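You will see two complexes here that share chain A, one where it goes with chain B and one where it goes with chain C.
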Partner chain A sequence: MLRYTLRRLSFLPIILIAVSIAVFVLLRVLPTSDIADVIGGQNATPEQKRAIREQYHLNDPIFPITFDTSVPFVGVQRNSQYSRWLFDALRGDFGKTYLSQKSVRSEFIRRFPASFEIVALSLFFSVSFGILFGILSAMYRNSPLDYFVRIFSVFGTSVPEFFLLSLLIIIPSYLWNYSAPVGGYVPIYDDPWTNLRLFLPAALIIGIGGSAGLMRLVRTTMLEVLRSDYVRTAKAKGLRQHTVVLTHALRNASTPILTAVGTAFIAVFGGSVIAERILSIDGNGLFLFQSTFSRDLPVIQFLAIYTATVVVLVNLVVDLSYAFADPRVKYS
Partner chain B sequence: MAEYDLRYWQAQRVSRRKVLAGAAVGGAAIGSIAIVGCGGGSKTTTGTPGAKPTPNTTSTSGVNDGSQDGPAKPGGILNVRQGGPLPSMKVFGPSILALAQGLYLGFTTYDHMWYTPTDTGVRELFLATQVEQPDPLTVIATLGDAVFHDKAPVNGRKVTAEDVAESFKRFRAEIGVGYDFLHNVMDDITFTGERTVTIKMKFPWAWVFTSSNAGSPITSSILPKEILNNDDILTKDAIGSGQWVLKSHDNGANIQLAKFDKFRQFAGTKSIAGQPYLDGINNKLITDDVAALAAFKAGEIDTYGFTSKTEAEDTKKEFGDKIEIGSSLGRDYTTLMLKYEPPFTDERVRQAFNLLIDRDEAIQLLAEGSGIKTGPIPPAHALYALPESDPELAEYFRHDIADAKKLLEAASFDFSQEIELKHSVRPVDANLAQVLQAQLQRGGVKVKLLPEDLVKWFSQSLGTGNFHMTCFLHLAYEDPDLPLRFYLGAEGDRKNFMGYKDADVDTAVLAAAQELDEKARIEKVKVAQKVIMKKYSPMLNIFSEIGYGGRYSYVKGSITGRGSYGLFNRTSWLDKA
Partner chain C sequence: MATVANPNATIIAGETWELPKDRPWLAKMGRLARENPIGAVSLLVVVGFVFLGVVGASLTPYPPRELDATSQFLSPRLAHPFGTTKFGQDIFSRILAGARIDLKFGVVILFFGFFPGTALGILSGYFGRWLDYLIQRSGEAWGAFPQLFLLLTFVAAFGPGLRTVEMVVAIGALFGGSRIMRVVALVEKQKEYVIGARSTGASEFRLLWRHVLPNIMPFILVGLSSVFAAAVLVESALSFLGLGVSPGEPSWGADLSTGVGRGSTYPWLVIFPGAAISLVVLAFNLLGDTLRDILDPRLRGSTGAKR
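Presenting the complex of A and B:
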């Protein structure tokens, strides 16, 4: 297991470098990616734009390796934009934001608690509702509860989160003139009530939305498992229903469910960006949103790498968890 | 209904809604802000307090100086919306990056020598107690006693003439729109002793005291000389001598301001004694319009800029006397800009395109009918705009497809060609482009829409004149200088986006700009507009929208109908326990 984990982790740098190259290229082929245009504005003279490009090393080649049609066909550029960024990143320096000239890393760290809280709460609701109602739906097949879960899961997967989040604002406002507290992130340990008034409804929406797919998968998998001979045997032995379902059936159904939980995490992660935008939560989602509008490349680049890292690590955790859920899975 | 300009303090529908917005203003917001220099937003927003705190409206029914609600009750905190975080507290930098915070802090924490309200066009002295113009090229100002906020390293010391001169020079070192006066008109700024500042101009410029020039809410901000080059302080804090002290902020969001007790306490300032009346202003970051309306209805914020007339009316119905709604005519205006190259070098073609524009329909489709047609100067500049009854303005607004077709045929216009209409993807610009496309096509003109990312459109299309036609919502210019300057032909460092240069137009616009007598200047501005209209100069303005703002009835003392002057917000007070 340890060797497998280390082997998987050893791929992480390769994946991150590949992602960083892809992001680097994409950001630089986008229209208006020239920061001199963004910063200089319409009145900047060519000289001023040239100075801005020099300040941000935009005149340097993008990559350390260049290809040519003449011998030796491949050239090495010592001071490329990418290598400069990569070496700085390896030292933990992800640059400064174009707009505010603040450290990208410190801005990320400052906003991390708010983003973490909304993702954690949303994932909690997503997994809890998804598994609970999926199981109940399978156990009480064709009951009103089952129909409700099935309809809800279709609804949950088809209605976009931004719409639900907007309703979260509009409906309480319309009915009770209620609004979530605004005016800054209050940590849960400072003021739990204010914190939860802001985060809980949003996390519920994102979590419930994310749980829809999980519900369907849990229901389908559980239905299959519940029809198995060993479940019938367990019931015949007189085991209590919850023992049969939770101990025997659910564990055997857990492998695809774990995969779906990983997917739900990634969905929740994306949903948090929208929630932060709509609810004005000053987290990394809002940071990404604003930076994208303002072409703040160092921020976009860092957050893309961060997201890729999270996705890779979540997938690794999901893969490793198979071994715990199913003894037949061996990593050697 | 009370009238006031609350929309100044709202964020863009980014802009981003409003733009420039965004730009941390998200980038979207960024571009638009820079269009103006000192303007602010369009009805759309992005909004940092800087991105949309801009002056963009004028009360449609009267002027209030803040004293209309009787004696003020001091104290209390006003809660307002902040549409987006400020990217930094540093007011220096290329205008596109510094505009949001420049505007916000310029109206709150920094003081100025004077300000020229748009309703009177008459300079009002702020820190300056006396201003002389011994000759057309020289302005001499004498400063009153004032101190900076009590923060290190300045520690509440006296404001001196050297601070003023060095601040102007520091702004002049930057690039971008809004710095035109400093770069092109001002020759030098010097100080004598602690009290006297002298501005020397390269040529006579009558707009010198207005907000596009040496009365800019941004570039005339007075900072202590110790921090002018101290980025550590500038990026995080603002130390000025304005009526509000920057108390705290979460990296540009949720800004809290506290009353400055020692604000401008010199002889001759009795009229502002005790001001500001509020103890403070709390900005609450609310990026989404729906969330902002919900927060207003829940009482989380005391004021709100509605996104439409319908929304304002519905809220008024629901809340009755608890809230007051005000309407104001925006100084922002929509426009169709034509590149001065064939076929638009032919005046008949430009006139035909103008005839094809149905301004009434545009107002109905784009502003729910709440708008007023605009000539070269938007009607919100009541002193300078031509009256609606003016026959030449009426002719300029005429919509006649048949006459337009005749003119195009007479000009041998090639109806088979497809003309590109570039626009930014900002909703306000994209919607305008679609309406214009439909209207021009009714006259047989084939129009191809070319939507562009806002920043690209701004910097690579509008800014470089790389378009055949483009349309957009101008930001809210505080004086007629900028709206007229668009028509001035390129010369030296001066640009003309359309590539347009007409000797008669240049003469008329410059005659107004160099007329020192205010009454005579008003007349010359009107003459310049008539010349522009007669020539169908290739920026065809369409309409300005009426905006709606709301506040709880306990918010008293708002200054309305005075343009951005109300943004200094010293007279608001709260009539509640």
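Presenting the complex of A and C:
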């Protein structure tokens, strides 16, 4: 188990390097617009632009290895943009944002708690609702509850989150003159009420909306497992219903469910960007969103690395959790 | 062999029977619709959406882009069933005209993403080996990231606009389609009819085109409808975020987004565009589920269709 984990983790640097190269190709090699324009603004004079290019090393080659049609075909470059970025990143320095000239790392850390809270809360709602109602709907098949769950799961996958979040802002204000709070993050340990008033409704919407797919999967998987022989045996020997469902059936259905929980995490992670944008929560989703518009390359590069790390770690945790849920799964 | 005048007539020992004639297709469709009322309604919505996408822009009672300072923020009434916007534009007309953007977007995703992906998936499941490995591993790497994150990175690279969004969503549909079709082709190539057709000397191309493809059509149809649902969702989400259509264009997502600012006073600015998006996506999802139930009994029981 430990060796397997270490081996998987040893792939992380390779994946991160691949992602960073891909982002460099996308953002720097493809010439869509001059970055000097982005930093200096539309009115920058040619001299100012030249100074900016010099200052940000934009005249340097992008990658340390260049290919050429003339002999010797492959050239090695000192001081390329990529190697400079890579060595700074290895020291933990991800550069400064182009627009505000602040350290990308400290901006990220400042925004992290807000993003973390919305992702954690949404995931909690999504997983608990999805698994609970998925199981109940499979146990009481064709009951009113089951019909409700089935209808809900179709609606949940069809009605977009941004529509529900917009309704969250406008409906209470139109009907009861209560304006849902927008923006203004307060840490939960300072003022839990203000904090939850901002996060709870949004997290409920993202979480419950995201639970629809999980609910559907839990239902179909459980229906299959509940039909199996060992469940019938467990019932026949007189075990209580919840023992049969929770320890015999659910545990055998756990592998696809855990996979879906991993997928739900990635979905919530993306959905939080929309929530942060609509509710003006100053988190990393909004950070990425704004930097995209201003083409703030250091920020996008850093957030790409961060997202890739999260994705890889989540997949690893999901894979490892198979072994805890199902003793037949062994890693060596 | 002697030609038989009536192909439905069977002659045994001098007697003639008429085999029951096939019902006319209209009656067949009617029966299917009665058995799947939800599917029938969603099909109607889908047909309506496609119709609006093609001709909706010329059916609008008011010009959807024109500004009219005399009719700002009118509440829903007979002359303006869905009310008017901040610029006095008729929301009903904008919704009729907005179907075109989503339809166009969906068709682009089909032709540049889903169909090539389907072909790729069938080839990779059917022939396997390095092609299979390459496609599946790249698909996994692509699918590991949140789609919104990929979209934002591509927008940073290529600038905002529907072209960029189309590119990202088409790549996703390419990998998504290939993953489903690969599994289908893997199952299908083991079946007797493939082995039978091969033993009669059919070429691999003929085998794929005439035998395998018709057999996996149900999966393609189901995929088609879910691709459209996803396309409408993504287009409106990205236009909502301001990364899709250019400002002023009638798009459901963009209209919703401009409405939110004044939505607490004039809720129809938000409700009608949002309802249009939800209705169309819901119809495509339900249609896909119904198709799956009708066409492929093995997959039955995942949704609301009764049996």
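Going forward, the second predicted complex is superposed on the first by the 325 of 332 C-alpha atoms of A that agree within 3 Å, B and C clash if a C-alpha of one lies under 4 Å from a C-alpha of the other, contacts with A are read in each partner's own complex, and residues count from 1 in each chain.
Criterion: a residue touches a chain if its C-beta (ideal position, glycine included) is under 8 Å from a C-beta of that chain, and two chains touch if they have at least 3 such contacts.
This structure is a prediction, so every number in the text was calculated from the model and none was measured.
J.: Touch check for A:147: first (chain B), second (chain C), both, or neither?
T.: second
J.: If you stack the two complexes on chain A, which partner ends up touching A:48: first (chain B), second (chain C), both, or neither?
T.: First partner only.
J.: Regarding the shared-chain residue A:279, is it in contact with chain B (first), chain C (second), both, or neither?
T.: first
J.: Please work out whether A:169 is in contact with chain B alone, chain C alone, both, or neither, and reply first, second, both or neither.
T.: Both partners.
J.: So, A:288: does it touch chain B (first), chain C (second), both, or neither?
T.: second
J.: Which holds for A:318: it touches chain B only (first), chain C only (second), both, or neither?
T.: neither
J.: Please indicate which partner A:62 is in contact with in the superposed arrangement: first for chain B, second for chain C, both, or neither.
T.: A:62 sits against neither chain B nor chain C.
J.: Just to be sure I read the superposition right, which of the two partners does A:100 touch: chain B = first, chain C = second, or both, or neither?
T.: Only chain B is touched by A:100; chain C is not.
J.: What residues on chain A does chain C touch that chain B touches too?
T.: Correct list for chain A: 32, 166, 169-170, 173, 179, 277-278, 289, 292-293, 295.
J.: Which chain C residues qualify as touching chain A in the complex?
T.: Its residues touching chain A are 144-149, 152-160, 229, 233, 236-237, 240-241, 243, 253, 256-257, 259-260, 263-265, 267, 270-271, 274, 277-278, 281-282, 285-286, 289, 301-304.
J.: Using the touch definition from the top, list the residues of chain A that touch chain B in their complex.
T.: It is residues 31-32, 37-45, 48, 52, 97-102, 107, 110, 166, 169-170, 172-173, 177-185, 277-280, 282, 286, 289-290, 292-296 of chain A that touch chain B.
J.: Along chain A, where are the residues that touch chain C in the complex?
T.: 23, 26-27, 30, 32-33, 147, 150-151, 154-155, 157-160, 162-163, 166-167, 169-171, 173-174, 179, 216, 220, 223, 266-267, 269-271, 273-274, 277-278, 288-289, 291-293, 295, 297, 300, 303-304, 307-308, 311-312, 315
J.: Which residues of chain B touch chain A in their complex?
T.: 14, 16, 21-30, 34-35, 46, 79, 84-85, 87-88, 90, 94-97, 175-177, 179-180, 231, 235, 250-254, 282, 284-288, 290-291, 293-295, 297-301, 452-453, 455-456, 458-460, 462-464, 495
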